[in-house]
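Next come two complexes built around subunit A: one with subunit B, the other with subunit C.
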Partner chain A sequence: MGPVGANEFLFLLQGLKWTALLAVIGFIGGGIFGMLIALIRSSRNAAARTASAAYIALFQGTPLLMQLFVVYYGVALIGIDVSAWLAVAIAFTLHASAFLGEIWRGSIEAVPKGQAEAANALGLHYVSRMKDVILPQALKISMPATIGFLVQLIKGTSLAAIVGFIELARAGQIISNQTYRPLLVFGIVGVIYFIICWPLSHFGTGLEKRMAKAAR
Partner chain B sequence: MNYKFDFGAVFERAPELLWATLGTFGLAFAGMALALLIGILGVIARTSHNKIARAPVIAFVEIVRNTPFLVQIFYIYFALPLMGIRLNPTATAIIALGINGGAYAIEIIRGGVESISKGQVEAGYALGLHKADVFRLIVLKPALRAIYPSLTSQFIMLTLTTSVCTSIAAYELTSAAQRIESDTFRSFEVYFSVTGIYLVISSVMMGIFALISRRYFSYPAR
Partner chain C sequence: MANSVIDQSTLISLEKVERWYGAFHALKAIDLSVRKGEKIVLCGPSGSGKSTLIRCINALETIQDGSITVEGQLLDGSSKAVDAIRREVGMVFQSFNLFPHMTVLQNCALAPMRVRGTSRADAEKLARKYLERVRILDQAEKYPAQLSGGQQQRVAIARALCMEPKVMLFDEPTSALDPEMVKEVLDTMISLARDGMTMICVTHEMGFARQVADRVIFMASGEIIEEAEPEIFFKSPKHERTKTFLGEILAHH
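Presenting the complex of A and B:
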């Protein structure tokens, strides 16, 4: 058994850097495309609605790990020479866009109908109606679920380890193999994830409780 | 793009994939059964008046829900032998799935239990219903109806999570896919096909759950 010292801990933190970066890219990229999906999903065009519903069902009905594999090997086939890093980032972006799209569709539809009608009556066009009236309210409604998904996403980045990407979980595996102290190493890795995820979860449920009280 | 797709390599191994699909179902059902058991026991402890019984359950739920399943399964995989428990990877995976799903089940079932208001039960007694009828009609059925949607989508989520069990080489679909990939080098074809199998699995489950819900949990027609 080897010691788990400063060097090993530093290696874990290097992994953490990639975990954080993957989660941030997935969340921002997924947020942009997810907003698009949510708008299409709640549009008037039936064909566009069905297509976006299928997109969401596809990502919600298959394991994230499989999505990583398919995108990882898929982008290589299309012939674009991308780094493993970019392939994984694309996969997380697509994954997040489907989940955020569905969350935000729900919150757009949860905004009372009178709001859209009032905006219409005031003569606001689609962009202004969405940007100034519906979305600010929908965003507030969606906050607990959005934060909940962010936690899912951070935990989900650990699956990049199985594709061979060195982020926090994979860094833990490597250190564990080197030092033969799996319980200590995976314990530390677990604590690091917990330190990131728990405050977010706590914040999300706090918001939810406050909003439930306000609605009563 | 001059890559030639060859799904033949996948079709040749179809029997293997079929067995592995059963393995995935086995993991999912056993894991969910364990999760429900943990969920029910956890809720009993969580809703008791004893603080010493409540605290560990709260800690368990928070720890499991805020760490990745991959880290949990590795931890359990290495921890069990140290506790003198030697199991094969598939049994280990079931325990990991049960523990993970159990934490979510506790929160879901607790919500259902708390949704039953005391006044309804008292109203049942006031109407002269039997104790058994009050429990069956006023406590159990509405509680089941309240938790059914979240519990079944949790079941589907758990089924999809079984794919992560490939990391400890449990017998299921994703590990079969990785085996076929390393034999045939048809990475995209293999994973694309297996993704399709997962989609069928989750769609069928969703359909069955919807049917059950309509049969047992719909409100009586007026």
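Presenting the complex of A and C:
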């Protein structure tokens, strides 16, 4: 058995850096495309609505691991040579956009109908109606679910290990193999995940409670 | 044209307007013409189509047959016509529908900025003018949730006025209010009427109807059953359904 010292810990932190980066990329990319999906999903065009519903169903109905594989090997198959980084970023973006799209569609629909009517009666067009009136309220409604999904996404980044990514979980595995102290190492890894995810979860449920109270 | 004199003073005209919800006939051959400056009170039992009728005028509802013209602009289904008409028509809802994430001032300044392209400074000046007009300027920096129902409804009136409409539509503006707040909203509407605003008000406030209406229109089952000056309407209603309705309404008040 080897010691788990500063070097090993630094290696884990290196892994954490990738975990955070993957989560941020997934969240930003997924946020942008997810907003598009949500807008299309709540648009008036029936064909576009069906297409976006199918997109959401596809990504919600298959494991993230499979999505990673398909994008990782699929992109190579088409003959485009992309780095593992780009492939994984694309996969996480697609995955997150489907989930965030569905969460935000729900919250757009949860904004009382009178809001859009008042905006219409004032002559506001689609962009202003959405940007100024509907989305600020929808995003507020969606906050608990959005944060909940972010926590899932952070944990989900561990799957990127499967295509060779040394993120936090994979880094733990490597250190564990070197030091033969799996319990200690994965204990530390677990604590790191917890330190990041728990405050977020806590913040999310706190928001939810506050909003439930305000709605009463 | 032979009737150009009439055209001049006609602001809104509905001809043979039909609206169906599936198999349900909500508006049946509605003919209605509103002159500039005229105040109309629309009443009738629940489900008679009052809301549907006034919501057709600013294209919140579409019609299946007939025609609607506002200020010479025919609502022909084009978005250009919808835009043009909504610029001339303000609307006040039963449930206020203020934007809860904006202050009172922002609520009022939004449409002038986004629809007319007014600068923020000018839009806020306009907003203050109309908030003053409904006597609520002192609440300009508050959020709707911080105001009473009556105050919120007055803000909603100011918000609509900021677009400087030629007609105001009111859909039961006092029905959601506690009794003690009804008066402040009615007073605001009365003062608007005195200033010559053209108004169509769906309301069961018969005192208001007596005081400001040029015409009271009674609807039932999607049809205009009877219309008359308030004096005549209340004193000697012709139709049996009108009498029954007035009996019920007056028993309540």
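Just so it is clear, the second predicted complex is superposed on the first by the 216 of 216 C-alpha atoms of A that agree within 3 Å, B and C clash if a C-alpha of one lies under 4 Å from a C-alpha of the other, contacts with A are read in each partner's own complex, and residues count from 1 in each chain.
By definition in this document, a residue touches a chain if its C-beta (ideal position, glycine included) is under 8 Å from a C-beta of that chain, and two chains touch if they have at least 3 such contacts.
These numbers were taken from a predicted model, which means no experiment stands behind them.
Asks: In the overlaid three-chain picture, which partner chain does A:Ala48 touch, first (subunit B) or second (subunit C), both, or neither?
Replies: Neither partner.
Asks: So, does A:Ile162 touch the first partner subunit B, the second partner subunit C, both, or neither?
Replies: In the superposition, A:Ile162 contacts subunit B only.
Asks: Of the two partners subunit B and subunit C, which one touches more residues belonging to subunit A?
Replies: Counting contacted residues of subunit A, the larger count belongs to B.
Asks: With the two complexes superposed on chain A, say which partner A:Leu86 touches: subunit B (first), subunit C (second), both, or neither.
Replies: neither
Asks: With both complexes overlaid on chain A, does A:Leu13 touch subunit B (first), subunit C (second), both or neither?
Replies: After superposing on A, A:Leu13 lies clear of both subunit B and subunit C.
Asks: Between subunit B and subunit C, whom does A:Ala212 touch in the aligned arrangement: first, second, both, or neither?
Replies: neither
Asks: Taking the touch rule as given, give the residues of subunit A at its contact with subunit B in the complex, in rising order.
Replies: 57-58, 60-67, 69-70, 73-74, 76-79, 151, 155-156, 158-159, 161-162, 169, 172-173, 176, 182-183, 186-187, 189-190, 193-194, 197-198, 201
Asks: Okay, in this complex, where on subunit B does subunit A touch?
Replies: Residue positions touching the partner: 1, 3, 62-63, 65-72, 74-75, 78-79, 82, 156, 160-164, 166-167, 174, 177, 187-188, 191-192, 194-195, 198-199, 202-203, 206.
Asks: Quick check on the complex: what are the subunit A residues that touch subunit C?
Replies: By the definition above, subunit A touches subunit C via 112, 114-115, 117-118, 120-125, 128, 132-133, 136-137, 140.
Asks: What does subunit C use to touch subunit A in their complex?
Replies: So the residues of subunit C in touch with subunit A come to 58, 60, 83, 86-87, 89-91, 93, 95, 97-101, 110-111, 114-115, 156, 159-160, 163.
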